[in-house]
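The structures come next, written out as structure tokens.
One chain, chain A, links the two complexes that follow: it is found with chain B in the first and with chain C in the second.
== the complex of A and B ==
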């Protein structure tokens, strides 16, 4: 049946190029190959987000007066609405987590080295976009925790020198977090960021397909020494592996929804006192905690300003890493990059836990 | 001498301006009295002119010094200005104050021109008050009109700076009533008149409502004692006084056996100046309960108090339990709107029972409480069904999880069978 359908299409569209690509494409096999699948899992979760997000759009209403009620309607009245919302919320978190896993595995395996600099840059941009999705989506249920966390989160933008005040007003749609902020975040979440994702993700996938999978420098050395590195066909070997990992991700999602259903919370009230334990989503928590701990002034500069500038610098270094670590292209693994990655991981781990305990 | 002539000249000009005016419709201009008194160095002579010129409801309506004090502001000589022919009466004291104020404030025809809705019986009321009666006996230590309203710089009652604005009344009354020296010698029911009313009132639920919630309808001194006819509510009148606002409670209490027994009505249990937020602990037979003051084990009152308190506690516990159940399932995504409404209704029954309790009739209270318990039982049944739905969802997810894991295993097995490479 499938073959008949393919033949029918082939007769009309000439799919020989695709057939050739699938038949010829292979993926190197080595002891680090498991990390190849992390990108696939991240892509799968993007798909889950798009599918569940579209379903949520059918009922969600982006206004301060109706947002909370519409989410409540989704989880209480809509058939399987509770499941869709649960999957969307958990999948969002898992997506950012997997994006970090993919980023660090790529970093430690030096997959960003020439000629894959643009793949890395587009990947880092995608991570930033995913974090933007998380930040904007967090407010959409318009519950108390999200409202005050957004108030704090958007307030941090005020520390950016020169344009801070403008950025706060731009993000909030005014001086305070209001219904205007919600509408703005909604637009960002369902239109601007998806459009950016489509373009950047398209480029990211195109680069990967054009250049093939990168192998770690150690494997590359063996290859250069004349050793033949085993390959597996892309189809069906790699695809089946990938699908298996997608199912693992789906199993994790189902387990999270089963054991820890995503809560609705109480409706946001701008006049209510700030509740205890206000904190951003976990992937911002390490940064948030550092900003909280910084002294008011460091060497005459406001601590928060310095913190925001520091994180901005880290983001730029991360984005331009392939161009900074020039030795990687010659097969030299920079200890600075390795230790930088380890320190970054340790920092995120320790400060995220600290942030949770402190809140 | 030269300055005196200048002042008298200015006074004459001022008087001409006033007399050339169109009656009392415009604020009064400076008179000769003010011109001279403003320049006095002694504060008791200069303060009246200063206060009257600053902000005074009478001045704003065109009245001048002579309307209360008499005299001739157009006279160029101090002696002539205060000559007997000018009906100069100087500073009114004691009963004169009431008479001076009442000349206008008891004149319905005159008052209609300025404040048509204002009552004109203040002097009559005052005569019936403890203050008025003491004054009539020659006691000049008691409050008269000016003690509360001020003499110069009199403001409307609705003016927040007026000493008789609701928020300021307690302070105005207790200027005298919290003054032990001033109250020395005054007796009530054979005992010295208390001076702790302010301290007690400051700790009361009424003061809290007025000051903290800015609820100007909350009672202050004059709402219970009257203002111009100020006197303590007599025996038998307390329930009526409290019932002015707490109508339902007063009606229920009037039906109770206690209404004939309690000399001080509501005050027996709730006190007067230091009325605290009522709690369910006041009802019952334990140490904190008011009922135990008179009732002892075995008597009907003891049984009634125990029964009502137990019933109220049971409904409270049932509501709290149901609320907890609802909150848990609602947060997990089950709609419980109808149950929330039912619980609100159960809360209304609790309020009704607490109100009905003032008739001290356990059967009626129990009936209301049972209806409330019935509502919470319905809510609990719905919460149980909602929990069953949650369990169903969890079971469904668990089965899905198992199916997904089976696919993972199947894929792994399939991959192992693929030729050419180790999995």
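== the complex of A and C ==
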């Protein structure tokens, strides 16, 4: 029946390009190929976020008076509401985690080298957008922990030289974190960031389809030496492998959503004291911890300002990595990039755990 | 083609078709396990609002003759009317045609629905227009000291 449907469409729309694409596209097979699936898993989780996010919109109310109650209503009254919310929260965390796995695997395999610089840049932009999703979505249940974490998080923007105060007011929609911040973050979370994601993700996927899979420099050397690298057809082989990985992700996600429900906490109260153990989502924790540890003044500059500038610089280096590491295109794997990656990984790992223990 | 791929006789099944069926069943059951919770989720839960049985509209002196006021009766509007001869009447203010909220017209002493020009008399009976049924009638009782009575509206 699928064949008949395809023939019917083909007769009318001429799908020869698609037929050609499906028949011809292949993926190289080598010992590092498992990393190819990490982007696919991340994409799958984006799909989960879109689907569960739309469902949450059916009952969520973005106002300081009703947000907490509406989330409570979702998880207590709506059938399977607890499941949808748990999936959304857990999938968000897995998504950021998988995005990091995908990032570090492309970094260590030097997949960003010419001609794929723009794929890397769009990928790093997507990571920043995903962190924006995480930051804005964290506030939406309007609970105590999120309220104060948002106060601290938006306050950090105040450390940016010259435009800091403006940025704080812009982010908060006023001088304080209030209902105005909530509607602002809501708009960001359900309209602005999704629109940006559509464009940047579209580009990211288009580049990948256009250029095909990158092979690691070691495999490329063998290829240049005349060895034939085995290939597997994209359809159905690679697609089925991809789907298998999606099932693995789904199993992990379902297990987390079922056995480890996401807490709702108590409703935010601007006049309550900050609860002990206040902390942001884990992927901001390493940064948060550094800012906490910095002394008030370093060489006459405010510690926080220096910290924020440092992270800003890291973000720029990350974004422009393909243009900084020019040797990678000629097959020279820079030791600096390898060690930089290892140090970054170690830093995130150690400081995230440290942040948890210290909180 | 390997030996297993060949159909070997009547009643046997090709290995390829078997795998296709197993995979297909896997995808179909995944789809079902997605769709069922989504469908249940999309259906709004029944609101656990307690049904209102009676409300106090106010003191008798607050209501002029030949006038009507809209009141909140549970989650729906009710209309309390004081007829030109001083009697109290109360109805559900939800028009029986298409659920618009009705109002009292003091010039003709009738209940009027502005949506489709439905008219009811002060007993809630349809006078003209599209409403198919009379308005739901509520009971009105006066409670308390003479002259200071409270007007109580209740479901009959």
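Basically, the second predicted complex is superposed on the first by the 359 of 359 C-alpha atoms of A that agree within 3 Å, B and C clash if a C-alpha of one lies under 4 Å from a C-alpha of the other, contacts with A are read in each partner's own complex, and residues count from 1 in each chain.
To be clear about the criterion, a residue touches a chain if its C-beta (ideal position, glycine included) is under 8 Å from a C-beta of that chain, and two chains touch if they have at least 3 such contacts.
The shown structure was predicted, so the numbers you read here are calculated from the model rather than taken from an experiment.
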Does the superposition put A:336 against chain B (first), chain C (second), both, or neither?
neither
Check the residue A:18 against both partner chains and state whether it touches chain B (first), chain C (second), both, or neither.
neither
Kindly classify A:58 by the partners it touches after superposition: chain B alone (first), chain C alone (second), both, or neither?
second
Per the contact definition in the header, classify A:78: touching chain B only (first), chain C only (second), both, or neither.
second
For A:258, decide between first (touching chain B), second (touching chain C), both and neither.
first
In the three-chain superposition, say which chain, chain B or chain C, touches more residues of chain A.
B
Dual-contact residues of chain A (chain B, chain C) 77, 83
Would you tell me which residues of chain B are touching chain A in their complex?
330-335, 393-394, 397-398, 400-401, 404-405, 407-408, 411-412, 414-415, 418, 420-423
Given the complex with chain A, which residues does chain C contribute to the contact?
37-38, 40-45, 48
Quick check on the complex: what are the chain A residues that touch chain B?
29, 72, 75-77, 82-83, 85, 230-233, 236-237, 240-241, 243-244, 247-248, 250-251, 254-255, 257-258, 261, 263-265
Complex contacts: residues of chain A adjacent to chain C:
55, 58, 77-81, 83-84
